[in-house]
Amino acid sequence: MSLLKVEGLGKSYTADKKILKNIDFEIKAGEFVSIIGPSGAGKSTMLRCMNRMIEFNEGKIIFNNQDVGSLNKKELRKLRTNIGMVFQHYNLVPRLSVIENVLHGRYGYKTTLQGLLGRYTEEEKERAFYLLEKLGIHEHAYKRCDQLSGGQQQRVGICRALIQEPKLILCDEPIASLDPNSSKVIMDHLKSISLEMGITCLVNLHQVEVAQHYSDRIIGLNNGEIVFDGNGRNLGEEQIHKIYGTKSRELITA
Amino acid sequence: MNEQTMRKSRWQTGMFLLIIIVLSYLSSAITAFNFVQGLATIPKALGWIFSNLMVTQESLEKLPKILEKLAETIFMSIAATTLAAVVSLFLGVMGSKTTKVNNFLSVFARFIASVSRNIPVVAWSLVLLISFGQNSVTGFLALFVGTVGFLTRAFIESIDEASQSSVEALTATGATYFQIVSKAVIPQALPQMISWVLFMVETNIRNATLVGILTGTGIGYTFDMYYKMLNYNAVALVTLCIVITVIVVDLISNHIRKVIL
Amino acid sequence: MEAAYIKRKADGRIHIKSGSKGDQAVRWTIITLAVLTVVAFLFFNYAGLELGPAIKETAYNVKVMFLEPALNHFDLGEAIYQVGVTLGLAFLATIIGAIIAFFLALMAAANLAPVWVSRTVRVFVAIIRAVPTVLWVLIFAIAAGLGSEAAVLGMLFHSIAYLVKAFSEAFEEVDKGIFEALQSTGANWWHIIRSGVLPSTFTYLLSWVFLRFEINFGVAVAMGAAAGAGGIGFELFMASGFYFDLREVGFITYAILIIAVLLEVLSTRLKKRYLPAASN
């Protein structure tokens, strides 16, 4: 069953340049899909079109049988509760505690007033602790987020996405600011989330090897166009060249 | 090449100094300021200060009255600053590019801030005095208006500095605008904003003296009264009280700043 | 089984705040200010205040001021001249202040002067700052007589205090390497200042001087009104307190507003261009 379906997606920030051109793909529920491509290819832009953090100009996105492009403000808010998002720079509120940052993921379900008063139910808090424990950072629950290492902060970011109880998680370069060890921890967590919880993951990645190792499927993006879509095993030297537009492999893996 | 740029920069410096000298000359001509006389005044004035501005036993008797006025001034400054901070918070959120609702409101907020900051506190004092009369409310309002202008500008900068990234994250979770502002933006900007508020409390205590002289309220009025009565011992005591107050407030705010920033 | 790392309140609800010292200080500061504000309103002297009529009258006065500005007691040429006087006072206080502040800042910068010197200068500056400018001007007026000398000298103090702080911070950010390089060539202290410190901080210092000039314009207006130092501020005081001529008050306010906004626009540009760059 398809969870996300993209048809003829197009986006331009300025009239003279199209960033995304005629993007078509379909993602099944529970799939782990990586998007790779050189920087400036349009990966972040594409990811943000999925939950309309960026408005697209052309084409159609169907998420969970809903036409994303035609939703009004309220419906869009509802849609976003179903889509978690994880960022390269974690995007936490640095001065607040870890647990508060995780609970931020519940705002989509609350009225403005409940949100302003900062009311969370005890179940929500318990759930937050459960998730923190699952990702192994429960000891830091009461620390301020800016006191955590990058890898720990990213795990908080993942918890914040998970507490939304999303069907899909979008990750924009989740390991680009992390050292190799933390990167592995984060990717392992994402993979197990997808396997155990059945949550679909769409992940922008820089490193081809990582994408090959973790994903069910890889989409290669170059200059706003899909130039590869298939299993990582089928991603050969030639395809990589097509995606990155370079002969030197060192440039890619560096 | 290098020599050329050096010659150019020397030429620029020369021009610059010339302009400064010409402007200084024009300024002293238009204000009838006499450099020599001005310089000569300094030792004379300092001498006068040290021989006349003395706190005496007799002036100490006026201390309770002075302290009462001082308290009025301090409260006036705090109230004006706190209430101005509340208003500025709204204007700051409206004005900042991180949280603005639309461009019109943003420009509007900045405009209000700029006007209320740049219309001199003197003008507000004098206009308010006409209808509000000689009481604390006049001083309070005069300080309030200027403070709104200053704090709004400061708050806009603080909110701008708060990272856009957590706003993005909360938007993506489906949070509403007010939730994002109150839970992601304000918590980040708050310590910086408190720091500005503390700075403004101190500034307003000093400004309150000026406003007090113009509107006949608070410690400024007391100072003016003794000044016109040529009671310099009391003038010295009033000044001393203000100095101590400002320094104490400064020390307290510095301490708080150290903890929160 | 309850996990040990979850903190609960007395009523069994789960804590979520970090409870750091900083957060608590923020909270207590806000509470204290709020309480003091409430107390202030109880404490205020409301002598002769009738709020309703006062607000109505003020609204009317403000309307007259801003919608019907006019000059009645002097002409446009005189107004421009008086604005010039105020600008002149501000300029003199700024320039003289900047020169004095430069030398004091050399003594206040921790990397250029011995600790006890820099500390002494800082305490001295803090005390100077604590006396409101208007008091300085009035005190100097007794000794020097009312006039531009008293105004400029009085305004000098806060200009110096402000610029010493800004300048000394700028000096402290000068790269250590520059000192070492110059010292190793055998340059003396003055040499280091002239060819090391000054060139690398000059535009930065200049921006601060301009920012102070902007502030001093406002101060000069105030001193004209409150301390009889002349200029457009004094005219403002006369129009309002002596002639009760709101239209003239309006005209003068516009004149001051225009200059102030011009200065602000200029200083914001300067700040954007020179100050962030210098802070790295």
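Per-chain residue numbering starts at 1, and chain names A, B and C are given in the order in which the chains are listed.
The definition used in the following text is that a residue touches a chain if its C-beta (ideal position, glycine included) is under 8 Å from a C-beta of that chain, and two chains touch if they have at least 3 such contacts.
All values reported here derive from a predicted model rather than from experimental measurement.
Engineer: How are the chains arranged in terms of who touches whom: line, ring, star, complete or other?
Structural biologist: Topology of touching chains reads as complete, every chain touching all others.
Engineer: If you count the contact pairs for each chain pair, which pair has the most?
Structural biologist: Looking across every pairing, the one with the most contacts is B-C.
Engineer: How many angstrom lie between the CA centroids of subunit A and subunit C, rounded to a whole number?
Structural biologist: One centre to the other, that is 48 Å.
Engineer: Express in whole angstrom the distance between the two chain centres, defined as the mean CA positions of subunit B and subunit C.
Structural biologist: About 6 Å separates the centre of subunit B from that of subunit C.
Engineer: Taking each residue of subunit C in turn, which ones touch at least two of the other chains?
Structural biologist: As it turns out, subunit C has residues touching two or more other chains at 22.
Engineer: Find every residue in subunit B that makes contact with two or more other chains and list them.
Structural biologist: 190-191 - these are the residues of subunit B that touch more than one other chain.
Engineer: Check each residue of subunit A and list the ones that touch at least two other chains.
Structural biologist: Within subunit A, the residues that touch at least two other chains are 95-96.
Engineer: With touch defined as at the start, can you tell me which subunit C residues reach subunit A in the complex?
Structural biologist: Result: residues 3, 5-7, 13-20, 22-23 of subunit C touch subunit A.
Engineer: Inside the complex, what are the residues of subunit B that reach subunit C?
Structural biologist: 20, 23-24, 26-34, 37-38, 41-42, 44-45, 47-49, 52-53, 71-72, 75-76, 78-79, 81-83, 85, 114-115, 117-123, 126-137, 140, 190-191, 194, 197-198, 201, 206-207, 209-210, 213-214, 217, 220, 223, 227, 232, 235, 239, 242-244, 246-247, 250, 256, 259-261
Engineer: For a test of understanding, state which residues of subunit A touch subunit B in their complex under the given definition.
Structural biologist: Subunit A reaches subunit B through residues 51, 53, 77-81, 83-85, 87, 89-96, 104-110, 112, 115-116, 118, 157, 160-161, 164.
Engineer: Could you list, by residue number, the parts of subunit B that touch subunit A in their complex?
Structural biologist: Touch residues, subunit B against subunit A: 163, 165-166, 168-176, 178-179, 182-184, 187-188, 190-191.
Engineer: Please output the residues of subunit A touching subunit C within their complex, sorted ascending.
Structural biologist: Touching subunit C from subunit A are residues 95-97, 99-100, 103, 120, 122, 125-126, 129, 133, 138-139, 141-144.
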